[in-house]
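When the chains are written out, they are named A, B, C and D in that same order, and each has its own residue count from 1.
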Amino acid sequence: MITVAVSGAHGRMGSTVVQAVSAANDLELVAELDHEDEISTDTVRGADVLVDFTVPAAAQTNVLAGLAAGCHVVVGTTGWTPEAIDSVRQAAVDSGRNVIIAPNFALSAVLAMHFAALAAPYFESAEVIELHHPNKLDAPSGTAQATAKKIAEVRGSAPMPDATEHDPQGTRGGLIDGVRVHALRISGLTAHEEILLGNPGELLTIRTDSFDRASFMPGVLLAIRKIPQLQPLTYGLDQVMDLPGR
Amino acid sequence: MITVAVSGAHGRMGSTVVQAVSAANDLELVAELDHEDEISTDTVRGADVLVDFTVPAAAQTNVLAGLAAGCHVVVGTTGWTPEAIDSVRQAAVDSGRNVIIAPNFALSAVLAMHFAALAAPYFESAEVIELHHPNKLDAPSGTAQATAKKIAEVRGSAPMPDATEHDPQGTRGGLIDGVRVHALRISGLTAHEEILLGNPGELLTIRTDSFDRASFMPGVLLAIRKIPQLQPLTYGLDQVMDLPGR
Amino acid sequence: MITVAVSGAHGRMGSTVVQAVSAANDLELVAELDHEDEISTDTVRGADVLVDFTVPAAAQTNVLAGLAAGCHVVVGTTGWTPEAIDSVRQAAVDSGRNVIIAPNFALSAVLAMHFAALAAPYFESAEVIELHHPNKLDAPSGTAQATAKKIAEVRGSAPMPDATEHDPQGTRGGLIDGVRVHALRISGLTAHEEILLGNPGELLTIRTDSFDRASFMPGVLLAIRKIPQLQPLTYGLDQVMDLPGR
Amino acid sequence: MITVAVSGAHGRMGSTVVQAVSAANDLELVAELDHEDEISTDTVRGADVLVDFTVPAAAQTNVLAGLAAGCHVVVGTTGWTPEAIDSVRQAAVDSGRNVIIAPNFALSAVLAMHFAALAAPYFESAEVIELHHPNKLDAPSGTAQATAKKIAEVRGSAPMPDATEHDPQGTRGGLIDGVRVHALRISGLTAHEEILLGNPGELLTIRTDSFDRASFMPGVLLAIRKIPQLQPLTYGLDQVMDLPGR
């Protein structure tokens, strides 16, 4: 039985984590911390693992406090600088506990990106479509950007076939490292990505749909279960999933 | 039994029409004209219907010659001016024969556009994706443009929800009459269109795939069979299909 | 301003209706009735329209009570016999008020079925895939059954091409009036249907996704707004939407 | 420059290989053998690689003849018994040349199956849809069967969630090693497969489309280019692609 503390337990993500941990037979929820509560040996109540889904600004402080309180720490916030990651790694080594930082906990999104990178060297054409709810401020999504960059990295420099001469309205989408990315904003959708890879006569499509926050829970639970066996610092859920690399 | 003559019978579309007419039990192929052959009472050999898939430049001349030779005429070329259409209509009235001009003979493409127009008034969001082979020179496709315009026409002026503030690479696609259109060019594809219509909690997707020229044949055969009962001039396969209109 | 009363206002659907009506500028919520509350002139507080999403067993009683209380009535329950519908129609005529009964209020689902019926006569092949969450007890869904029946009705008796000779596991799905229906049960999904229509060289796909109960609200609001102008009894949201028929 | 001989060069697949080899800058076509021609040192004209797409009955004889003529051999036929494979392996070892046997040369189909196997352990639900032209005699396709078996193998024994109690028409598809498989036969389609993997709140979809024989050429060319560096016997294009395994 792995014991778990959740910080930010009353936030939207935190409360979903509380539910998911409570429902898992092999995990025991021992502490729910509000975002205002201090993280300390007292408050984490001996938890093996602290899960932190508070705000990016507090993430580094929370991780260090979690390590100091004797926990492995799973963090879901983004915006980490290389320096912050280094400082967390050092603290993890010193404490004998491990940290997982992941920008995206949706297994299907992580797998889609990984598969796109494995497949891209074999195809002439690759384009990315991302579809989100219309309240999103940025286009394209961070995941689509990361996907395009990964495809570009593995493809090498061969240009994709494209005879387009006239595109007065800019319908061919945006170029990210040479890969076309298209962003749709549609009422009713949540977060979706589709990667199309084509050769003469064939098409490979990889699509990931996140319908709600529950989509992050299998990834969070996986991280909780695996963290004791990992390195002091692991960045990215693909590393936790131990996907065969390229 | 309807008798049929095909002009441009050795071109790519024409030879496909020849095959399709020959394979149909209720149609009889009586004449195959090369694009250099004159269209006359002699050469059409008494055909009830002349099908013309030559080049736009020759289309009007061919239609008038076909009418003069006593045929109903089905034409698949594009680029007709209103004046040319009027002149053909008058010639049709005078000859007692009928003409069908259709920019697109793929039933699924015609239906997709028609359904998009019927559905659009009921949805907050509507965007169009078109996907083609990478040898296409223009983006977006004529069909995608026509689809976006039709959607815009029936939606009225209510803006679609879209909170996008940052889109440095232009990934949100091109605007056609207020409707976002996205064009993909992928090896292996032929001609495809997808229309997404969204409301809170629901999505309607209408997709049409044309895999090869055979996709135009059901539309051509339908036109051949229906032309005797139609008006002197019919523009658009949707009119031939007698789809319930809006 | 149309005034609205909601019965079953604390149930799952009812409370969603309460929210949707409250959020609409042209509608005013004047009464929320619990499923135990009596529906009467007193309790509906002069509402123009009563919306009832209680249980099938109570539906007829509630409609009659709503008419007696002077309301038009919009009902979302299923399981109506022809006799019950007739008796409601008579009561509506007598009261000078109108009733809308709809088994499905999702606009996209109603449109998908309607479009499938318009398109099916033009295609050789038609099959239906429905995808739902794994807690569903019945396969296929009522909507998929209704879709298959509608397709069968308009196609006539021409058999679909299918050379299958060996299918030991029964992978070709179930036959409903000669139309193949395939049911998937997948974690993460809610309620989805895809209709595929094929001819040589072309495919038309119509897909509807319902992600949550919010998907029924545009249909409910449409019914509330249109009911004063309709017949005494309207069955099916497609009738409310005034879709061009066949 | 790798020199290539093609046997069955006037068959449907063979002639497509002839075209693809001729169009590749780094390959030289030195011999086209009819299916009646003998394969010998004389007829292969010193080719480094022999590509054989004749009939299963002739495949083993052709491979042995190709090895004897001093060629590496790429074979696309199916129906190999373990004994036949062993005998070919031994002949390859003796001759110092290599053999690749692949049941499917479509890169996208091979990748789709490989990715499904990598992803399946992370998902509660997995089902397979395969879609083909209506002239196919067997359901499901060999690729869909192989995909289902691979998914079953990596999933372990945990049952998928499925509350279905009533399915009178058999719409839930066929069970292959515990994985539901659905087969569609639709005019206009060629060979397509879609694998759906679901967890609460998320879906991963992997889809492969083969539109025509050209889809096998990138796989064939890859095999020709890699065969000199491989083992005496390689079975399956995934082995040639050096995909990271599980």
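Here are a few things to note about the model shown:
Quick note on the criterion: a contact is a pair of C-beta atoms (placed from the backbone, for glycine too) under 8 Å apart; a residue touches a chain by one contact, two chains touch by 3 or more.
Which protein is which chain? UniProt says A, B, C, D = 4-hydroxy-tetrahydrodipicolinate reductase.
Note that the coordinates shown come from a computational prediction; the quantities given were computed from them, not determined experimentally.
Farthest from subunit C in terms of Cα centroid separation is D.
In this structure, the chain pairs B-D and A-D differ in their number of contacting C-beta pairs, and the larger number is found at A-D. In whole angstrom, the spacing between the mean C-alpha positions of subunit A and subunit C is 38.
Distance from the subunit B centre to the subunit D centre is 38 Å, each centre being the mean of its Cα atoms. With each centre defined as the average position of its C-alpha atoms, the distance from subunit A to subunit B rounds to 45 Å. Note: centroid distance subunit A to subunit D, computed from Cα atoms, is 34 Å. Residue positions of subunit A with contacts to 2 or more other chains are 123, 188, 199-203, 209, 211, 215. Within the complex formed with subunit A, the residues of subunit C that make contact are 188, 190, 209, 211, 215. Per the touch definition, subunit A reaches subunit D in the complex via residues 106-109, 111-112, 115, 118-119, 122-123, 197, 199-218, 222, 241, 243-246. On the subunit C side of its complex with subunit D, the touching residues are 123-125, 127, 129-131, 134-140, 144, 160-176, 180-189, 196, 198-203.
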